[in-house]
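The structure's right below; bear with me while I get my questions together.
As written, the chain order gives the labels A, B, C, D and E, with residue 1 at the start of each chain.
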Amino acid sequence: MLKIALAGIDRLFAAIAASKKLYLPIENAGEVEFSEYSEGAKVRLDALQTVKSAKDAFFPFTENMMQFHTDGKNISVEAAKRVDEDFVVFGVRACDARSFSILDKVFLADPPDSFYAARRAHGIIVGLACHRPEETCFCTNFGIDPTKPETDVTAWIEDGVLYWEAQTEKGKALTEEISAFLEASDEKAVEEQRERTKKILERLPLANLDLSYFKTHPELEIFKRPEWKELSSHCLGCGTCTFVCPTCQCYDIRDYNTGHGIVRYRCWDSCMYSDFTLMAAVNSRKSQVERFRQRFMHKLVYNPINHEGEFGCVGCGRCLRKCPISMNIVKVAKTLGGEQA
Amino acid sequence: MMKRPEEQIPALGVVTDVRRDTPDVKTFRVVSPEGKKPLEHMPGQCAMLSLPGIGEGMFSITSSPTQEEYMEFSIKKCGHLTSWLHELEPGQMVTIRGPYGNGFPVETELKGKNLLFIAGGIGLAPLHSVINYCRHYRQNYGDIEIIYGSRSMDDLVDIREIQEEWEPEEGLKVHLTIDRPQDGWNGHVGFVPNYVKELNLSLDKTVLICGPPIMIKFTLQNLQELGFSREQVYTTMELRMKCGIGKCGRCNIGSKYVCKDGPVFRFDQLDELPDEY
Amino acid sequence: MRDIREKLLKKIHELFDAGVVDRVVGWKAGEFCYDVTPALFNAGNIDEILYDAFCGPNQSKFLVKGAEGGEKKILALLKPCDTYSYNQLITEHRIDPEKIYALGIPCTGMVDINKIRALGISGILGIEEDGENLKIETLYGTESCKKADVLLERCLVCKGKNHVAGDELLIPDEEAPEVPKCAERMTEVEKLEAMSPEERFNWWRSQLSKCIRCNACRNACPACTCRTCVFDNPSSGVSAKVNTNDFEENMFHIIRAFHVAGRCTDCGECSRVCPQNIPLHLLNRKFIKDIDEFYGEYQAGAEPNVRGPLISYTEQDVEPSIVMTRG
Amino acid sequence: MQLNDTNQAVPAESGAYKPLIVAFCCNWCSYAGADTAGSSRLSYPSNIKIIRVPCSCRVNPLFILRAFQRGADGVILCGCHPGDCHYTTGNYYARRRMTLLFSMLDYLGIERERTRVEWISAAEGAKFAATMNEFAETINRLGKNRKLRDLRCEI
Amino acid sequence: MQKIGVFVCWCGSNIAATVDVAAVAEALGKQPGVVYATDYQYMCSASGQNLIKDAIRDYGLTGVVICACSPRMHEATFRKTISSAGLNPYMLEIANIREQCSWIHKDREEATKKAITMGTAAIAKVQLNTPLTQMKSPVTKRALVIGGGIAGMQTALDIADAGFEVDIVEKKPTIGGKMAQLDKTFPTLDCSSCIVTPKMVDTAANEKITIFSYAEVENVTGFIGNFKATIKQKPRYVDAEKCTGCGLCTTKCPSKKSLNEFNMGLNTRTAIYIPFAQAVPLVATIDPDACIKLKTGKCGLCEKVCEAGAIDYAQKEELIEREYGAVVVATGYNQIKPVQYEEYLYNQSRDVVTSLEFERLMSASGPTAGHLQCPSTGKLPRHIVFIQCVGSRGTACREKPYCSKVCCMYTAKHAMLVKDHYPEVECTVFYIDVRTPGKNFDEFYRRAVEQYGVHYIKGMVGKVEQGDGCLKVQASDLLDNRQLHLEADMVVLAAAIEPDPSARKIGTMLTASMDTNDFFSEAHAKLRPVESPTAGVFLSGMCQGPKDIPETVSQASAAASKVIGVLSKDFLLSNPCIAHSDPTLCNGCSQCQNVCAYGAISYEDQMVVDKGVRETRRVAVVNEAICQGCGACTVTCPSGAMDLKGFASNQIMAEVDAICN
């Protein structure tokens, strides 16, 4: 285990940023998001969570896929460049770190998404352990250990010192590059912090969520539960939950005519939107209850069916905090699966 | 199956021929800019066609994989993109990517079976590819029977090919029907589901069915009444797909993705899925 | 609040028993003390209806779609500020008051959980009102803060305890407790106006650059009731799912605010629901301020069936050049 | 963030950069006023392009934003004088809408001189030309619009 | 995708001299959708139009772009052209590369570039054009004439002669207008009353004509073929049916101090009055501001003496609703009161008069019974100075920029008449120019100078001062370049004429545009001089600009013939460029209804299928016959449900895109 005093951490950031793009939780106008590091940026490693999750680094909010040029009846197509340089995402919490493995199962499944794949190949993730969870955190229900994120490098902050431990080859390579800034350390402080944190985790109000119902009952039965209607009755149909969710991966592909070519780009989309499934005047999910059900069925039922029992949720609690009407996956899970508990 | 390195970046295609089949269906012949077939596929698979700036859409490949020269798509005018496609003139380039979907199991489950194709309206498009594939590898399949209906005789897609090539072929029976009587029509009149009941079909057939949802529903009901089991019947789902590669999140039916797990399903498989989306 | 809730439940029971209504739009307790969910209740679960300092959401928009489908009227519980939106929706024929029984309920100010969190209080397990203060139980100990410091923006500039619409009042407005006005509505707008254009530009850029285009502001807004928003309509020429760049961020928010200009009651839902805490109400308030200054004081929804400032005019209206000349 | 670098207005260098101006003109007064200017051979810069609309009240704020998005450096809306609207009241509504829109653009820190409304009658060819010259000069001085432009549309 | 033909007009050298038309055609020919592009000398000529028609047929064009002069000039022409070749007339867009390009730019390269951009925008727009069909609406076969002067009467008589009903609304108690106040007319010197009073009688006698005198048009709504007017009949306090016009009341009325409007205030009249002996209708009217009975309740003398029992103090204002197919504005003019011209002493000396006042002083029916007298002394003046262009042709704010046109001639007339009756009276005319274009006009002016010895001095009068028993006139003689100091007994000011102040309000209610001087604008200065830009509204006489009597009469007849053209149709085809609402997008919020100036929007419940959901909704419906296509509703509508055919949002945005690219 290595360490660096937080007081000098800016030097570390500058050193990483000198050779690679570095994304960090940075505060802008009062909110913290993963943004590219620049000198003087207000880095907020203390912030438990960013508004958007770290998935932005691999599956960005919007990205150009290709550009077309037309000339009479002819078309030419030029694919957008994939990321081909290493970059570092620093300060990823354990929940967000887990979300990458959930996203991988979708984006890297055959045929792989080359844009995502390129970013995954070049992205080096430095995880940051949690020591002060919020009441909305429930990652432990998904077997996540927030005191030790599954990342290329894992970091802990304790008492003004950042502890650093490479977990993968990528992480080791990065450590090598910046070894000048790090010094060796024992694991005592980290172990103590982890123990302390684990005690807090046990006290979290949502620490023992019983989700077994969703794995033990047939898809169709859950789908047909009458509670969906009531649960969705006040849903605004906005995209807040999907846009802050680390595992939501729906996207749209759109064309934009710039006047000198047509850009085909993809951007996040939300299955909560009324036009999500609207195609050529046919809409397969006509009402909000259908859309609402789709989102939560996907997270709680379809994902485990398709991906070896893994839920499409990492328990980050973002939707619990951000939903305008305070409806969220926990309420859905408890309403539908409550009697199993 | 052939796979291009760039799944998400389309190739280019040139529309070499546009044929008007019915008042709202046109068939487009597409080749690569080099004049070859744009991509290889299996019967029942689809491809994404697009006009940059207008949109991208998933369409059944109508031509058979055995057609070496080109690829054909029969497309009904029903929205923004299809309206633009209907305006196309030969020589116009489009973008094309695919093939997508599972296709009909022509080389496995269907092999050696007696086949009954039931199609309504533009629903012939995905079956067209299978029919011609089976005709090409005639020895691999048993009897072939085709029931095809449409609103009127003007709405029968590919009627020329049906009458000139399919009907005269030995071991291949074609039953045409239209919804309402019409001058100049000597054939059968009536809805497809009812026609199915009138035809004295033997139960030793594997059925491939495609058409409007309501037609499929009643045809299936009538087939079951005749004694067909749901395991005997295949259909292909409506094509509400966007990315084509099981990622964008639109085309789920329950836990299945139409674009990856479908669009061809056997009815007993569908029974395990929600009947809504 | 507790006695108000008891009174309220009694009244709701009465209205159900009298056969006036068969559903009620109320609030349901959440996982925590603060995550109250708006919900629809029927005769069977009336007693689950909650009314406390976290029942902030403006429920009048729900009635646009939610009022359909019952045999009897639907009961709407309207706080004084909600009645402005209610009136505005009546004016625009977006709700049918014939299908609704609107019960005015008193309000003593609603708490914004984000403001409590912004004080650095985390791991919140329970909140209790303790006179003018809130006692907050957390994973990390007990904290407290002044209630007035953590009120919703709309409560800081409360329009007052009077209801401007409704079929009945739970208690007469005169008897309701006075709600103190804690801030001047236009202070923030004026601060921005006083900046140099460059400062203003940078300020708004950093705010609007946070936008993730989740549409929460739009979908929560009781004035944004378009069945299909221009930004969702592919044939409008401006539709987009996300902001691909600065321009789209600006355009979305300019047009969003412009489309509700003269109709916005300043309920502040846009800012309340914004996951990025963008002070969107400052855009709406700018329009309100301009309208008040240029065309005379106007409060949207203060009464039903009035012509709003953008669908009326006078021959002597100021010229657009006022923007250049007023300094 | 590099807002300050990319969004700063760059004054037009002499002759190097010609700002683009879109003028929405109502059919009955201002478009006719432009014709009158033409008949009188009163010149104004060629980088001002006129779009004919039936009435000033037809001009949607979206059109104005669209022009900026696509690279316009200034947008001017011309209509009949208040009281003279061919449709009686159209320009009164346009006046309120534009006042509020321009004020909002100013509030967002976008140069307020980039937008303008003028009332020009069919007879006022001279006013049309003078207004256009003056507006072009203002926009020239302001230079390229950086604050309200869509980078995708830049070549 | 349209198949577009582009036609670039040279307009002789008007366009071709500045714009490289061939280059424009070549560049536009490469635009998407363009299948044919050419240039030609005169597209509007028969052969130019044939070129277009042939191309439509040969290339199967579905849209046409013409780069030529202003659409205000030839849009209608070219619509007919493409229509005759079988294309919908609205599949046309015009790029105005003459007025807005070639005429205002000198640099050929720059102008060519701009013309290409303008053409590109037109192509982008026509790509999105849709065929439009005109609506048929029935025509109310009655005309409204606002103003009962010579213009209004002539228009009414001509329309009535064609067999259509006409209403004249005259705000004064009598028709006749200014012409009835004139003494003689130039250049024939025949008696004005003698020719106008028979017209008045004819007008009153015509059974197709209804005169609403002492009435005003309060409001007009509707559109060509279907106007609805509200006429405010002011109370006369005299029953016009019963009054015989005997005039007895006017002799008994004790309130005698009101200024006589007919005589330009040069003398007084009673509170109950008949404007003049030949008034039509010959009916007494009580001036409520002067009548003792109406003001105090006491008096009632007129009621007592009236044998017909026509006096009715209780008469109330009455609003009359009438429907019309066409409206003619004949609101006439006024001479300005030169009160601002203190240097001419108009306010201080009674001997300084305007020409119209002088007209009354010379008239046999005037206050002096036609005897020329100085108003201050009652004596025959020895020397009269006429000052021209008072308030006309100026640049100062008190002045009108235009020439009042008739002053030169009537001044010659006045001087000539004075010399004719009183050869001993000296007449001096100060002028800037003498303008005599008109049949026999110059001859008339020369007679004044040569035969009657009227002194014409080119120069300005600087000052008129009160002298001892005379007026001292200080002037400059520009030809001799010297200052003059003259003594005169009377000064006559050829004060400017201006549109009647009532015109502004009428213009607004008719939505007929006016110029900066408040003269009504014509639809086209040269080709449509008697039509207002607002369909169905026509212009007659001085309300459109200064003119003399024969010009007024000919314009009046021209307006009448235009009206007859409208009224003789059973149906009119309306502009199809109107608003329409998409029911799937409409919120039914009623905002658009509030901004519609025509009341063209209503609401109804419709079955709508939106995003696959079928439901009944309250949606806006546009009445196509009433909508005028302004587009106010389209911007009010937040959802974009309202759009305007011909100027659709996507079309305008396509133009914006094309221009900005």
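In this text, contacts are C-beta pairs under 8 Å (C-beta built on N, C-alpha and C of every residue); 3 or more make two chains touch, one makes a residue touch a chain.
On a predicted model such as this, the values are computed, not experimentally measured, just so you know.
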item: Of all other chains, the one whose Cα centre sits farthest from chain A; value: E
item: Most centrally placed chain - per-chain CA mean versus overall CA mean; value: D
item: Top chain pair, ranked by how many C-beta pairs fall in contact; value: D-E
item: Chain of greatest Cα-centre distance to chain B; value: E
item: Rounded Å distance between chain A and chain E, as computed from the means of their C-alpha atoms; value: 71
item: Distance between the centres, which are taken as Cα means, of chain E and chain B, whole angstrom; value: 69
item: Gap in Å, rounded to a whole number, between the CA centres of chain C and chain B; value: 51
item: Chain A-chain C separation of Cα centroids, rounded to whole Å; value: 30
item: Chain E residues counted as touching two or more neighbouring chains; value: 595, 611, 636, 649, 653, 657, 660-661
item: Touching two or more other chains - residue numbers and ranges from chain D; value: 1, 61-62, 66, 70, 83, 89, 93, 97, 150, 152-153
item: Residue numbers of chain C (touch at least two other chains); value: 206, 209, 230, 237, 244, 310-311
item: Of chain A, residues touching chain E in the complex; value: 70, 72, 257, 259-260, 274-275, 278, 281-284, 286-287
item: Chain A-facing residues of chain B, complex; value: 3, 6-10, 12, 52-57, 78-82, 89, 91-95, 238, 240, 242-243, 245-250, 252, 254-255, 272-274, 276-277
item: Touching residues on chain C, where the partner in the complex is chain E; value: 91-94, 225-230, 233, 235-237, 259-260, 307-308, 310-312
item: Chain A-facing residues of chain C, complex; value: 30-32, 35-40, 57, 62, 66, 118, 122-125, 138-140, 206-207, 209-210, 212-216, 218-220, 232, 240-244, 269, 272-273, 275-278
item: Parts of chain E lying in touch with chain C, wherever the complex brings them together; value: 584-591, 594-595, 603, 610-611, 617-618, 636, 638-640, 649-650, 653
